[in-house]
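One structure is given here, and the rest of the page talks about it.
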Amino acid sequence: MAVAEPHVPTRAAGAAAEVEQGTSLWQDAWLRLRHNKLAMASLVAVLLILATCFVVPLFIDLDPNAQRLDNKFAGPSAEHWLGTDQLGRDLLHRIIEGGQISLLVAFFATFLTGIIGILYGGISGYVGGKLDSVMMRIVDGLLAMPFLIIVILFRELIKVPVEKLSDWLIADVGLSTDLVLRFGNIAPLIVAIAAFGWLTMARIVRTQSASLVELEYIEAARSLGIGHARILLRHILPNALGPIIIYATLTVPSFILYEATLSFLGLGIEPPHASWGSLIKEGANFLETRPALILIPGLVFSGTLFALNFLGDGLRDALDPKSSKD
Amino acid sequence: MLRHLVASGLLILSLVSCQKQTQVERANEEGILILGNSNEPKGLDPHLVSGVLESNILHSLFEGLCSLHPSDDGTALPGAAERWESNDDFTVWTFHLRPEGVWSDGYPVTAGDFAFAYERILSPKLAAQYASMLYFIKGAEAFNRGETDDFSSVGVEIVDDFTLRLHMRGPIPFLPEITKHYTWYPVPKHAVLRHGSMDDRFTDWTKPGNLVSNGPFTLKSWRVTHHIEVEKNPRYWDAGRVTLNGIRFLPIGNTYTETRMFLDGQLHATYTIPPEMIEYARERMPEMLRQEAYVGTTFLRCNTERAPLDKPGVRRALALAIDRESLIENVLQGGQKPATGIVPPFGGYDPPGDLAFEPEKARELLAASGYENARGLPSIELLTTDRDVSRRIAEALQAMWKQHLDLEVRIVQREWTTYLQRQQDGDYDIAYGGWIGDYLDPTTFLEMWKKGDGNNNTNWSSPEYEALLAKAELTADPDARYQVLAEAERVLIGETPILPLYWYTTNYLIRPEVKHWNPLLLNHHPYKFIRLEP
Amino acid sequence: MLKLVINRLVQAIVVVFALVSFTFFAVRLIPGNPFVNEKAIPEHILEQTQAAYGLDGNWITQFGIYWKNVLVEGDLGPSLSLYGRTVTGIISESFPVSLMLGLLALVMGVGVGLPLGALAALRRNGIIDYASMIVAMAGICVPSFVLGPLFQMYLARNIDWLSVAGWERPSDIILPAMALGTGVAAYVARLTRGGMLEILSQDYIRTARAKGVPPLTIVVRHALRGAVLPAVTYLGPAFAAIITGSFVIETIFQVPGMGQHFVTAVTSQDYFLLQGLVMFYGLLMAAANLSVDIALAALNPRLRAKS
């Protein structure tokens, strides 16, 4: 068979000639992604949402908590593009702020789960043997717990330390009150979600790292006396990056959903700040009277999840071509 | 196979037959009243609970010495006692029980049952949270605190099987009112002891099948978070007057769900109605919407030990910068009344009050306290709960203080238990709070601001205030007594350790076929007078 | 097979013990106490109450007593928030409701998801594929707390025999089960499609096709069997999660199930109730996973041979 399969980079090849093959792997993936219309549309949508939540506020004066009690439940107008809520606050501004919070929670939590998962899974797979089996049993065990309940419990538990930390940061370190409080508000949620959300990530990384460890060039690196940390970081991690990215993309929407569920149960963000979950929760109260207050945040919320999920699917197809069997 | 077909056919049939009738229509035929009742009751032992929703169920099951009047909660009707009298200075009361009164299992209701009940609720080991309601009785507090274990030191005297004499700690002219409260209900000595000892919290005597009661209804079934159903008690002394065959209490925590269920024909009456649905109901079914005065007050507690709230001027400035009218009109929408004091208005008591919305004066006061334009003010936190309405009130207050005083307040929202705990630990600056009267007397709102009272939590106290309350306790003449109490309230509001927001209104929906459900200040509707007339 | 079962059981016991122990200490570390009340409790009464519930000793003693009661007497303790109720009583009263709701949701989810996924795989990249995958994605992205109120508003208020909320008539199960089942259907559809595609690309299917075996026979006899494997793997945990974790749906539709006890046990700091629920959940999850393993082994001859 003279014709090689150019689109299927083997792990060994990818690692052996890291620089060249590495780039072409990502280029290939990008090419494949560009042909996936749904994924591209989703990518554009995600970028648009990110820009609206994080770039637009740099140019306009975002004031999601300004109330005008005499102007509640106003319809769309030049001043308030999406109208106002039950306290006369601008719905668009609140959705943007809600997006910031929902997305920040999800991104930070995903980032943390990534780090924990990579370390845990990487070490487990790399060391192998007894340690590996014990570490993976622990993951299996933890996967059997009522995730949301443990998150609620844990969040309650770390609220006080986080509050103390916030006070210290404001009083003794002198950080801006607004900044610290904003993060203090979401930090317990992020930590709680991340503390128990890294399990699947650890499994994925472990599978990758266990299969990579057996390859010859890792053996070679070891025999050359290269440190374990360096091998893990320079050789194993980059090669496991594809599945990590795929999984992380799919983790973001599920964490957004967790945050929203907690906010819906009144266990999320604190007022007057909004998150998409708390907007939907409040909106559900006005079903009969002002359905727009649930429909608009609901649409934005579900639309974002849609885009992120389709993008994740597209990335998977692009980065792991074996999974799409054409 | 055939059996499955028949079964599913029957299921469909039953679905279709439901179609003709709403649940309320069917209940009308059965003579059953269906009520929304907020949440799962903590229990049905009148000595262990302390909430309004438990009270709603308990007064269908039990009856105190005096009973509720259907349209005037200032009047005590004969209950387990057919008549009563007191000595001239209201310190000794004698109740004559009706000889025909029996428990739902046929045992007679005796003075012994009452004495047993009072000993039980006061016994330290039972740890009844609301035992203090009986502290009106001489010696009750000392017994409850474990200072003595001799119940004969408490002023409860069994004269004979049907005569109970109570010796009070001072003049209590309103005692008949108080005996309508569930903490004063008798419990069946024979039935309680059948399931455990007197002061054991963990007995089964309140379970369906075990619960023996002396009221117009008895417990029929109880499924946690589903329903509690009571049925007519044929042995009740006034059973002839009871027309309902039963009542179903549904623990519906979400007020929006509750309203939706009412609109869908699943309830005769709701427990409450959320603000925005009031307008909706007013437009579509004005005849079913009720808005009635209710003895309850919403206010903010200030922690008077924390700067800047240790300055009365700052507290008063905060109070004057609250636009209560706007808060009520725009956020609450339930016809509440702006509160100028802690005691809501009711017959005879003339509440003092000079709190109004005066932003100018508020700014001056703030400046006079050394914080011109709120400069230099330490940060202030507003502690509130995660409940919808309190959250919205907090957001509105935050905006008002910012607008009128240029004052930044941070909202701290906590789950119910944490919120209560932080208040009781004094770990807050300003805290959202509310109080509902247990009986119709100003003391139910004033006693709590004494030094060291478990509900004070503001660290505020005033010898002058307590001297006035003590003076009132010794004043037997009702009018003079009210005046002394009003003076005490003036002292309280003058120093503003609390910022009154509004006086309650109960807002709820009720179907027109429910008759004799009258406006009541304490909102305890005696079910024995209620009729369903579709 | 027996080894697998024993292995799993041992693992489950360790996990449940660890989980309940974590809960035990975590819930006690949260500031506040379960007896806090709107009307302040005098100090002496609080102490007496704690003594009555055996909460006056130190945590290690309490921990020992708790496990002794659980293991020796099978007593999960009293509820702290519902006076006179035991944890066992609360679970045994609410679990059947959750079980019924969860089962119906699963049946609906599989009933819709499986055919949808199979159809999508057979019409790969066609309109049906795209349409059904978009529908499936919608099922994942529109959470139950958005669906629930919409169902109440647009279905229950307009259809007489559907109630807005409550648990009185047989028909009351339909809306909550639909709201719960939508997400399941969506996942099952996606998983079935994936599994089916994998099978269809296998050599033996290609051979069968080449031999002229009718497409329907191929699908039903060969492909579908392999295609449900991923879905079955998912259903185990989903089952446990759905019958216990449906607290959002239970609060919206006023269903007297187990889920809402989870949330109220945390917020009211009902120590014993929370510990009992977590224990029950852990055991249920272990049982569900074990049955999945057994089902997979039964469905997949290769796996059976291996073990």
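Labels for the chains are A, B and C, by order of writing; each one numbers its residues from 1.
The criterion applied here is as follows: contacts are C-beta pairs under 8 Å (C-beta built on N, C-alpha and C of every residue); 3 or more make two chains touch, one makes a residue touch a chain.
Please read these numbers as outputs of a predicted model, since none were measured by experiment.
When every chain is reduced to the mean of its C-alpha atoms, the one closest to the centre of the whole protein set is C. Just to note, of B-C and A-B, the chains joined by more C-beta pairs in contact are B-C. Taking the mean of the C-alpha atoms as each chain's centre, chain A and chain C sit 24 Å apart. Remark: chain B and chain C have CA centroids separated by 38 Å (rounded to whole angstrom).
Annotation: 46 Å between the Cα-based centres of chain A and chain B.
The multi-chain contact residues of chain C, meaning those touching 2 or more other chains, are 30-31, 152, 251, 267.
The residues of chain B that reach two or more other chains are 260, 415, 418, listed in rising order. In chain A, the positions touching at least two other chains are 156, 267, 284, 287-288.
Across the complex, chain A is touched by residues 11-12, 14-15, 18-19, 22-23, 26-27, 29-31, 130, 137-138, 140-143, 145-146, 149-150, 152-153, 197-198, 201, 237, 241, 244-245, 247-248, 251, 262-263, 266-267, 274, 277-278, 281-282, 285-286, 289 of chain C.
Only residues 11, 14-16, 18-19, 22-23, 40, 42-45, 48-51, 124-132, 145-146, 201-204, 206-207, 223-226, 250, 252-254, 257, 260-261, 263-264, 266, 415-418, 420-422, 424, 453-455, 457 of chain B touch chain C when the two sit together in their complex. Per the touch definition, chain B reaches chain A in the complex via residues 256, 260, 274, 276-277, 279-280, 326, 330-331, 379, 386-388, 391-392, 394-396, 398-399, 410-413, 415, 418. Against chain B, the residues of chain C that register as touching in their complex are 30-42, 44-46, 48-49, 52, 78, 81-85, 90, 93-94, 152, 156-157, 160-161, 163-171, 251-254, 256, 260-261, 267-269. The touching residues of chain A, when paired with chain C in their complex, are 38, 137, 140-146, 148-150, 152-154, 156-157, 160, 253, 257, 260-261, 264-265, 267, 280-281, 284, 287-288, 291, 294, 298, 301-303, 305-306, 309-310, 325.
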